[in-house]
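The same subunit A turns up in both complexes below, where it pairs with subunit B and then with subunit C.
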Partner chain A sequence: MSAVLYGVLAAFFNGLLVGSLYGLMALGLTLIYRVTKIPNFAFAEYITYGAYAAVAASFVIDPVNSAALLVAGILFATSAGAVIALASDELVFKPLWRRGSEVLQLLVASIGVGLVLRYSLLGAAALTGGKYLEVRFPVTYQTVFSVGGLASITTAHLLAITSMVLFAIVLHLLFTRTRLGKAMRATASNPTLAQITGINVILVRRITWLMAGALASFAGFTYSYYNPVNPESGWITLLWIFSAAIMGGFTFYGVLLSGLLLGIAENVVGFLANYYLGIGSEYNPVIALVTLVTVLMVRPEGLIRMESLVVARRV
Partner chain B sequence: MGSAPPVLETLGLTGGYGKNVIVEGVNISVGEGEVVALVGPNGSGKSTLLKSIYGVATVLGGRVLFRGSDVTKLPPERKTAIGMNYVPQTENIFPDLTVRENLEMGAYLVRDESLVRDSMETVFSIFPQLRGFQNVLAGSLSGGQQRMLAVGRALMTRPKLLLLDEPTAGLAPKIALELLDLLVNVREEAGVSILIVEQHARRALELADRGYVLVSGRIAAEGDGKSLLAREDLQKLFLGITG
Partner chain C sequence: MVEAVSGILVQYLILFAAYAIMSLSFNMEYGFGGIPNFGKVLFVGLGAYTFGALAAWITLGIGTSRLGLEIVAEDEPAYCTGTAKYVFSQIVEGGVMTPLEITGITLLAVVAAIAVGAVGGVVASYPAVRLRGDFLAITLLAMGEIVRLIVYNSPWPVCAFDGLSGIPSPFSVMGLEHNISVAVVSLATLAAVYIFVSRATNSPWGRALKAVRDNEIAAMVYGYNPARIRLQALAVGSGLAGLAGALLVIYSGNVNAISFKPDKTFEVIAAVMLGGSANNLGALLGAAIVAGLLVFLNVSSLRALGIDLPASVGQALPYMKFTIIGLTIILVLLYRPQGVLPEKPLKTPLIEWLKRKLGRK
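Right, the complex of A and B next:
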């Protein structure tokens, strides 16, 4: 196989992994946005906290027992994320919403919540003498198959892709088939009317935050499974998460495809630009941003609105 | 009305927003199977009266009786559960849900699936236009269809009493009058008593069994529709508006 094809394949495989992480992360963001209309910048920190909580599981479970540690890591991560997400709503977003805050105010508040969470973690990590300024989940991924030794599919790929697809399907079914999911959408669509019809809008809101937080930190766990994570990892990824969510029109399947598209485009185009033009991989983010801006200019409602597969949007 | 208590009765009801009194000392009643129209000039407090009855506005005094029992303090969702329902004037549908889902959410408190299906059939037989749009997002329906859906949503709990706040507001006159005619079917098909606030006062009073005229937050006149329409002193109060 020629070197360029080989490189493209490696970049594609890497893009697949990174892209499914973007998609996975964007699912929770989408859930919060759709039910509460908050573009939540603090979402990034739920991811970071999830990664740290997963690593914290290794204080309890011996890393030798890797299967048990994986399970414990997931449990630690999802519970931490769920609690932190719920707390940020109860303490900040819900009170603001009750006072009639608009989207812009909620957005700025979420940046504030994010700052508090991020630098609390950074401060705590620094206090430990820097030992936890960067963490990695103690169980390392395995190569499942490999083309020529460098372009490989690993268990990290399987975890990220499977969970992303699974969660997207579950969320979609939840929203379109279940009483709870429809109540979530009804609450998002018209909270006053939802309350009159007997929907417990406060409970619906709490469930939403718990689920979204758990999803975010599950993504954080997955992140730490294949890559070292530091207190700013979530924050640094947030732009890609928002890009995937916006390109996907804040629909679950759309977000999934957009995440993959971003990850693959960034890696494959990045590789080609490097190979042919000598442009360094530090310019990869530019590719993602150019993709986003282009999409916003051409289709401001999102590149892929997968909802149209389920319900007719116009008569 | 006989010996059975009226479906709805207000006793000296005073209501408003915060401490602002908008309606004061209102005594009205709606009998079993009656359609009662609440008319009056703009700003006379018609909508506020409805909201006070349902608990969306603040009750500052007096009592609300539903089938003889005091419901003054019940929150709106509890009233929905015991057989009242309310269609707000605006934002009365879930625009991001399909027509079918809107109706399902209307029946959120009804756990029996077959009851929900029956109610949905009733709604579709009253408003046949909605049947073909079941899987369409409610927000993309026409204005008239959205009002039909709003009323249909409220019928899903099989209420004994329906409070309608200007169901024709903002509709083209022709469509508004068509909708008002359909509302008479609502009583027949769903067996519900209706208290309706309406701008098309003349048409509403013609269709209703009885009417109340609300002026500056107080009941200025009451009686059956025909006699209210015949009273010359009331003409300019409400007939100056669209008839």
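Right, the complex of A and C next:
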């Protein structure tokens, strides 16, 4: 195989990993957006906090036992993310929503929450002498198989892809096949009416935020499993996540595919542009941003919608 | 001690003026017009890049020919080279260019910065007439990041990640004290901008802008074209943002795309929300507070004021500033969404006359 083909294959494999992470992250954002209509910019911070919580698990558990450490990392991450997400709703978004704030005010509030969370973490990292300005989960991934030693599939790929597909299916089934999902959809479309029909709107909201936070921080854990994480990692990824969510029209399967496509496009297009045109990888985020702007301009309802957002017949 | 404190005060006044201009323009778009221009930093940046590149290019051209030098630059603008830094320093030393020339160049570059900013605003009105609310905000934010990423990584127009530095200060060439002169000029500019913006928002055009914000269909019934009014608001607002960008470059003599991250937009949003949306005095007040945070919560400023911090706190301080800005946004939204100075009803002669007629005070 020629060098270009190897490069493209390696880029494709890498894109698969990054793309499934984008998809995984965008699932939680989609969940929040679908139920509460908040374009949550603080979502990035739940991811970062999840990654940091996962690393914190390694201070408690003996790093020799890697299986136990992985489980502890996931538990630490998801509980931290769920708590922070719930707290941000209880303290900020719910009071605003009760007062009938516009979407734009909720967006500004989420930017505020994001600033507080992100810069507190940065400040704390700086206070402790900068040792934690970049962390990495102590258990590293293993190569499962590789093509010529360059392009390889690792356990990080398996983790990211499996969890993304699994969670997308679970969320989709939850929304279309269960009473809770039906309650979520009812809460989203008309909270007052939902309340009259006996749905505990507040409880539904709490469950939504707990789930979304856990999803975000699980993604954060996965991120720290294959890549070093710093307090700004989530924020840097946020534009990709929003691109995936908007491209997928805030539908779970659509978001999954969009995330994958964006990740692969980032890596493969980035590699080809570098190989043939000498354009560095630092321009890669432009791909996500241009996709975002183009989709919003041309088809704001989303490009890949894998479900029609109408009420399912069953349940 | 006194000198250090007055130095910080001058720095504060300059930043206040720049942030006040940005806040006034954001307030006109968002407060009065309901256009969430979350790409504010894009237009500030456009002004800064334009001013920096143009001023550096012209001064360097004249400077090199008078000093009998020649600059060979490959793959990057001539003003990014080391020789350019030497030419700039010679110009600041004096004698190479007359004060009149450098003033003319500066004014020309400022006008260009405003024009480029305004053109950017016209481009931004393309999404603004098609999208609303959160999607429009995200689009403009993303557009700002696209431009910043490209400018930060490409040698054109402002020397990539090194940034364009050493642009000669027109005041130093004239033999004046740089910081104090910049402060005076910025405050004068701010006064002019304030009068312009308050007159514009109080005019029939300003009322049309409010009408489009409150009820687009009603505004259309009264014969206004919402798309056109949004375009005008964005063009004027972005022109003003470009002016603020140019002021920042005149002050620092440097342009680097790294300083035009979305965080700057968030600072402006915090200022306007805190001061009071759709209230021009409120925008000034908010800018005064935010600029205060940025200038005084600094290790060097605090040291000059006689407060010494432990080293670790000093390292966390630059981040804590943004925590405070985020907290401000949240607290204002929760407890005083109208801001410190809320929006006031317009006092037109007709309304006053009607009030008197109807016997209501």
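By our rule, the second predicted complex is superposed on the first by the 305 of 315 C-alpha atoms of A that agree within 3 Å, B and C clash if a C-alpha of one lies under 4 Å from a C-alpha of the other, contacts with A are read in each partner's own complex, and residues count from 1 in each chain.
What we mean here is this: contacts are C-beta pairs under 8 Å (C-beta built on N, C-alpha and C of every residue); 3 or more make two chains touch, one makes a residue touch a chain.
None of these values were measured; they are calculated from a predicted model.
Q: Which of the two partners, first being subunit B and second being subunit C, lies in contact with A:92: first, second, both, or neither?
A: Second partner only, subunit C.
Q: A:109 in the overlay: touching subunit B, subunit C, both, or neither? Say first, second, both or neither.
A: second
Q: So, A:194: does it touch subunit B (first), subunit C (second), both, or neither?
A: Touch partner of A:194: subunit B, not subunit C.
Q: Taking the superposition on A as described, I'd like to know which of subunit B and subunit C A:186 touches: first, second, both or neither.
A: In the superposed model, A:186 contacts subunit B only, not subunit C.
Q: Tell me which touches more residues of subunit A here: subunit C or subunit B.
A: Tallying touched residues of subunit A, the top partner is C.
Q: Please indicate which partner A:126 is in contact with in the superposed arrangement: first for subunit B, second for subunit C, both, or neither.
A: A:126 sits against subunit C, while subunit B stays out of touch.
Q: Where does A:293 make contact in the superposed view: on subunit B (first), on subunit C (second), on both, or on neither?
A: second
Q: Which residues of subunit A are in contact with subunit B in one complex and with subunit C in the other?
A: The answer is that subunit A has no such residue.
Q: Show me the residue ranges of subunit C that touch subunit A in the complex, using the header's touch definition.
A: Residues 36, 126-127, 130-131, 133-135, 137-139, 142-143, 145-146, 149-150, 152-153, 263, 266, 269-270, 273, 312-313, 315-316, 319-323, 325-330, 333-334, 337 of subunit C touch subunit A in their complex.
Q: Name, in rising order, each residue of subunit A that touches subunit C in their complex.
A: Of all residues in subunit A, those touching subunit C are 39, 92, 95-96, 99, 101-105, 107-109, 111-120, 122-124, 126-130, 239, 242, 246, 280, 282-283, 285-286, 289-290, 292-293, 296-297, 300.
Q: Report the residues of subunit B in contact with subunit A in the complex, numbered from low to high.
A: 54, 56, 76-77, 80-81, 86, 88, 91-98, 101, 104-106, 108-109, 133, 135-137, 140-141, 153
Q: Quick one: in the complex, what on subunit A touches subunit B?
A: My answer: residues 179, 182-183, 185-186, 188-190, 192-199, 311-315.
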